[in-house]
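Just so it is clear, A, B, C and D label the chains in written order, and each chain counts residues from 1 on its own.
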Amino acid sequence: MKYDKNNLNIAYIGGGSRGWAWNLMKDLAVDEEISGTVRLYDIDMDAAKANEKIGNMLSSRADVPGKWQYKAMETLKEALTGADFVIISILPGSFEEMASDVHLPEEYGIYQSVGDTVGPGGLVRALRTIPMFVEIAEAIKAHSPEAWVINYTNPMTLCTKTLYKVFPAIKAFGCCHEVFSTQKLMAAMLKEMRGIQGIGREEIKVNVIGINHFTWLNSAAYQGEDLLPLYRQFTEKYAEEGFAIDVEADAVRNSYFNSVNKVKFDLFRRYGLAAAAGDRHLAEFCPPWYLKDPDTAREWGFGLTPVSWRVKDLKDKMEKSRRLLSGEEQMELQHSGEEGIKQIKALVGLGDLVTNVNLPNMGQIQGLPAGAVVETNAVFSQNSIRPVSAGQLPDEVYSLVIRHVINQETVIKAAFSKDKDLAFKAFANDPLVNIGIKDAGRLFERMLANTRAYLPGWEIEK
Amino acid sequence: MKYDKNNLNIAYIGGGSRGWAWNLMKDLAVDEEISGTVRLYDIDMDAAKANEKIGNMLSSRADVPGKWQYKAMETLKEALTGADFVIISILPGSFEEMASDVHLPEEYGIYQSVGDTVGPGGLVRALRTIPMFVEIAEAIKAHSPEAWVINYTNPMTLCTKTLYKVFPAIKAFGCCHEVFSTQKLMAAMLKEMRGIQGIGREEIKVNVIGINHFTWLNSAAYQGEDLLPLYRQFTEKYAEEGFAIDVEADAVRNSYFNSVNKVKFDLFRRYGLAAAAGDRHLAEFCPPWYLKDPDTAREWGFGLTPVSWRVKDLKDKMEKSRRLLSGEEQMELQHSGEEGIKQIKALVGLGDLVTNVNLPNMGQIQGLPAGAVVETNAVFSQNSIRPVSAGQLPDEVYSLVIRHVINQETVIKAAFSKDKDLAFKAFANDPLVNIGIKDAGRLFERMLANTRAYLPGWEIEK
Amino acid sequence: MKYDKNNLNIAYIGGGSRGWAWNLMKDLAVDEEISGTVRLYDIDMDAAKANEKIGNMLSSRADVPGKWQYKAMETLKEALTGADFVIISILPGSFEEMASDVHLPEEYGIYQSVGDTVGPGGLVRALRTIPMFVEIAEAIKAHSPEAWVINYTNPMTLCTKTLYKVFPAIKAFGCCHEVFSTQKLMAAMLKEMRGIQGIGREEIKVNVIGINHFTWLNSAAYQGEDLLPLYRQFTEKYAEEGFAIDVEADAVRNSYFNSVNKVKFDLFRRYGLAAAAGDRHLAEFCPPWYLKDPDTAREWGFGLTPVSWRVKDLKDKMEKSRRLLSGEEQMELQHSGEEGIKQIKALVGLGDLVTNVNLPNMGQIQGLPAGAVVETNAVFSQNSIRPVSAGQLPDEVYSLVIRHVINQETVIKAAFSKDKDLAFKAFANDPLVNIGIKDAGRLFERMLANTRAYLPGWEIEK
Amino acid sequence: MKYDKNNLNIAYIGGGSRGWAWNLMKDLAVDEEISGTVRLYDIDMDAAKANEKIGNMLSSRADVPGKWQYKAMETLKEALTGADFVIISILPGSFEEMASDVHLPEEYGIYQSVGDTVGPGGLVRALRTIPMFVEIAEAIKAHSPEAWVINYTNPMTLCTKTLYKVFPAIKAFGCCHEVFSTQKLMAAMLKEMRGIQGIGREEIKVNVIGINHFTWLNSAAYQGEDLLPLYRQFTEKYAEEGFAIDVEADAVRNSYFNSVNKVKFDLFRRYGLAAAAGDRHLAEFCPPWYLKDPDTAREWGFGLTPVSWRVKDLKDKMEKSRRLLSGEEQMELQHSGEEGIKQIKALVGLGDLVTNVNLPNMGQIQGLPAGAVVETNAVFSQNSIRPVSAGQLPDEVYSLVIRHVINQETVIKAAFSKDKDLAFKAFANDPLVNIGIKDAGRLFERMLANTRAYLPGWEIEK
């Protein structure tokens, strides 16, 4: 595959989004090496059209070096045909279903900090999302089988797995920025403990091993120096009070999103590996150690993100969209911190890159099943991604991880076969579902009923 | 190894016991094919001496065909030297430690129905027991390396594993009668559903796959007919009310010990494999599906056995011991239902036997780690035990089982290295420990403190 | 599955044979516990009809306790419908193809002692036989899916594997008597070295581990005593001269079939495991250690069986068939030494049996691929066969065995896909094919051409 | 580990060599980024001293940018203490032993093209070399445990494995340039088939999978284009005549060393993977397909390198050494094509590098045993090497490779335990040892006798 770096074709599924799509626009805008066309596809065509206009306005600005043409497309087929790259970033369902995912379990004493990956909410979200990814995978197989496919949608593991299950030859991978935060935390630690300023997160070299949002670092180095001994001191020093970086001015957002990394510190102190995702995610993968109830979460210094916040946030973004379209406001020119463009450039042949990515296991993590989607580093080079051998998880961490890996395999089998009983086996085995089995059954049935519109063919009680 | 069936030497460690030891005496008494000497060793020498006398009184009775000589021995070395068979059935610690194992977790909202295998109680019991088995294994290695070693002590898996870890060439296996009850249940089912009377439990042929007290049957047959379809009807019919066999007259005992098999039925209906241990054991291996709180247990039809009952029961047995010694009462002549003697006879060369047993995994269960002690059928023949290939657990059951298998490996490593932090990793990962991690830490510390006398060399807070 | 032991239905595919079929008749004739019908199917209907008559004559004799009815059937469907057991014992192709298999390689300096399992001859025979077994497996699936299927045809491993590949739920196993000879050899050893007479081969308890005709014993015992130390002395004593048992009067037959077990002794002395098949078979699985040329074979004390002998032998048997039919001669009443009837009786429910058998690997041999057909002991009981865990081969023996296991997987893939290039990969990797690769290619092409009639759809040069 | 790039310490074991050591000097001389000290250690102290002088003369030249100080050291300890990098390039034994390795087997009809890796010669060389590497590994453990260790000595796999076996925490890897030639061949192919000139071998991106000297490429790309389809055309076009690159003027050398890649082409045409080592090496790993006899080798276009040539070559180099020391001749300033310096620079932190390397398997090749030393790509970065996941070998190639992997494990166990019988198991299982087992025994005994001086503690017949 040879790419014309000045005429790249990117298809964006979920192209009406105001989060990831705007980030992409900004990153393309500030890049001077590549250009081409972005075709936006969204089930909300108006949103795609709005982004087409916002993107082209940005591209036409004199201060913008990266020139791209944005086009909203009517069909998936049109968006995909001829694509060199496909980006998938969709919201599966509406906030209504998400509210059921996140909050209904609270009636049964189950609290979730995010609810989009594991836990009862993550599981039901997966059941709803998998059929959408089946459709996308089939379209890619038909219209752009040679394209590289970048997924940003959660639940990351199951979305990526679905793509491979439908189309095993797909060149897909899943991207997630959670590891970056841990690199940033280590950079902050070097400032705090050693007074070294201005270290970029890429300078913290890590070995990534795990599954998305439950990822671990079994080595971390700065300029060749092993950082884990220092990290031990650091986690001990801040075990009680925690240590926060990047605190935003928005106090409300803070209370829901930020954490002081106490979960991360506790896991490191107990397991000797640095967990590398936000505390809100990590807590959901563990037994109810940190999520027994809202008080426990508070004690560990992280918030439970309510869906009401997401509703409010979307409203803000739609207002911003209006301002951008009217010219009242201009898109800020600033790199988003995401790596999508770097990865695309490496695949185009503009320099190799080693970064973390979600891919089916082909040995990069020993002991996890072949084909399970896992997160490790990989070498990106021209038209090629190869995972880096990450090694093996220690037994006790393996035990925490394999449970989710098996649950995820069960969920995907259940989603493909529309088998409610099978799905419930995963549901009941989720670490957060610590309730009587009958209550678990009732909760599951109610959650399915609430997302029924996305589960055609399932036998769901009304 | 050639055995003289009329001059067998059995060493009994824990030979002062009034449960398993009396069962052995009775089974030897009614058997006509073998005879020899039983050497009783116990840290309570008086109890051993009492049993010596009780055994010899029994042997001397005219109505007893099986003639054995019983001798209480002062040292483990004397008991073992020259032994063809070694039986281990000890009580690790006293009821005081057991009360802490079983009841202290209740303060934290953790309820256990037995508390001797897994759960916080089983784990702490294991830590206390492993050093005793280290000592026993070393003595066997020194004094009777060729003897067959039969363990009855709980936690079965970890006791057996310890024997192999210390002395890899040991010829040891673990025996448990829990599977028998499920065979009996199926015989009762055939009576209930088909009107067939008088089926012996051995006539129910089963394939056993799992770990002790969390064992499963993936096939069951009577006279060549697959019983699982009938078992499905049966479990559906009795899902709500349950179905009890062997209800004893003793109402108190019933309320603590018997169950109506509703847990078993629920697991079968959900997983398609028949769980083959008492509901009280099964419930402890699962997430808090059946043990969320005492009400949940009650709803599922099984009792939580209080240690007070065990104290009372021992008192009754000591009284009975007194009566036996004084001649006031005579030991009843009746087979115990245990298989120990059958196994010994098969090993001596008096006919092959296929039955379930706990042995290190050498492939009999695919997918579980090599060397983990697992429960499957095995072929017993002269001086030989070979496990039968049991196959593979379905993924969803595997997930429930592997968690305990890994925890057990962690516990044994922790016990050998006296590593409290390592032990806590297993503790916190037990399915019943569904509490905040800090509470878990406090509970663990208190439980260790209560069993401190048996943990020399550990760093335990006072 | 409940069987009526007095009304069993056996279908015999290859029912016109004068070897295995007559053995079956004799074994059924002397058995007093079971009776029923044997339906004979053969592509040579006349041969089947002759055997029908011979069988019924035998059954009608007053001195014959086992009463069976023999019926030659026109179609496979008729033979199979209603069968409880299916026996397969066919000759794939004629002596013409066999002569090519065995003797054409001699032109290239490759010598084979049997040529029906591995080596160039065994491989080409497999390619010819697999399509026949595909047809049989499909017929069984259609007409007698619940029947137990006993295969005697070589190449055993690939015939059995084909049955499972076509119909995974088949209840099939492969039977071979080669292990028995090694048991007999050990009984003879006990006579020779210890003076113990009259030991039956079943009294030598062995653990069987390997693949058919390249099977090994890693333990052997008599009355509980480990025989391997004695076997070491024995193999050292007879390393040079060899040791023969069961030498028949027929000197010609001897020169082709018997061996003095020197290959077996050499393998034991080098590997510490007792190889458990005839030297003629064992030699073919090894590098040309024993088959470098006819002189080497002679030096090792075994013959190369020429196909001319088989032609002559068949002629003798046809003459005997004529005599049996005319009443000139009566079938001798004598057990054949085969275990087929014992196995059938165990499956019917008339007593358990542990014996060696060929089955897909489900963990009975650790380290060999799941699904590969391997030879180990198994427990036969009513309507059930379960392999016994045999353990693991030592690395150096594993290396010899895995090569054939992989070759066999390649051969079966090649046969199913009619892929000559793929088949040649196995051919060139056979240990006996120690010639230049171009010569190997020419030999392969010529051998395929000679068996072309049985390879429809293959692209074979004329 | 932080490195001072202007004060690096390199210890060179075998520092008196006139091959690899001179290459290192030249590569250091032309590099402008790093400098420091090279400490030369050799059991031939005079040779080390000569190289000290040659190195320092080179360093002092005005046209040489890379300034290094060379010092011959008396002891291994002095050489190693303080080393950042250790290079090992030794000749195990003298040409006398090598002559026995390579030529004695010819008396038995076994022909070897190199005789230093596998085959009877490679195996005996390994037995001789392993004790030397035990000594080196122990010295590194004692004196420079943190140093990166680069091995160039053959047999590569076993030398590297020995280092890890003695000192598991060693940071060692094995380097070999054979893959580079296949990259060059593909560059030449692009010129030949497409007319594209001047492609550097690094521009051919390959995925490396296998073991040293029997390495395979399952993907190869140029500018993102899959080259394997073109390679298929190319290998078909040149299957008969072959295709040579880099033919040297020296006709004698040519006849012994060069090949026309016909073995490589044949293997690709049959297996679909590109074998990536010289034909002389590849042929030795296969059954006698290409090495049946000297004629077969000739037909396949490669030579058998006689030791006499190596004797002559050394003489030439010693003469050159004399001229360099006297100043008659000046070392040419030219990069050697080796990657050692690039690797060192990447480890120092001067830019990442992906290249092929020999390391213990930690999952980079699925299906090969953990810990076996395998060859794949790896990511070199500051103080870190991580293998890239290479995937899995196809079954038929796996069969060829696993045989050597197991043999190598056997050889190393035998060398450590001085167990001749065990070593012979590997010897007899080598693909080139296609002779009667008794002849194999005699040959092995004679070869061991010839290298007896290096096998203290072995029981070798005189």
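Keep this in mind: contacts are C-beta pairs under 8 Å (C-beta built on N, C-alpha and C of every residue); 3 or more make two chains touch, one makes a residue touch a chain.
All of these numbers come straight from a predicted model, not from anything done at the bench.
Just to be sure I understand the contacts, which chains border both subunit D and subunit A?
Both subunit A and subunit D are touched by no common chain, going by the contact rule given at the top.
Indicate the whole-number Å distance between the mean C-alpha point of subunit A and the mean C-alpha point of subunit C.
The mean C-alpha positions of subunit A and subunit C differ by 57 Å.
For subunit A and subunit B, what's the span in angstrom between their mean Cα positions?
47
Please output the residue numbers of subunit B that touch at least 2 other chains, ranges allowed.
none
Using the definition of touching given at the top, classify the network of chains in this structure as line, ring, star, complete or other.
ring
Residue numbers of subunit C touching subunit D in their complex, please.
By the definition above, subunit C touches subunit D via 266, 270-271, 287-290, 292, 296, 299, 395-396, 398-400, 402-403, 406-407, 409-410, 421-422, 424-426, 428-429, 433-438, 440.
Would you tell me which residues of subunit D are touching subunit A in their complex?
1-3, 205, 207, 219, 221, 223-225, 349, 352, 354, 362-366, 370, 377, 379, 381-384, 386-392
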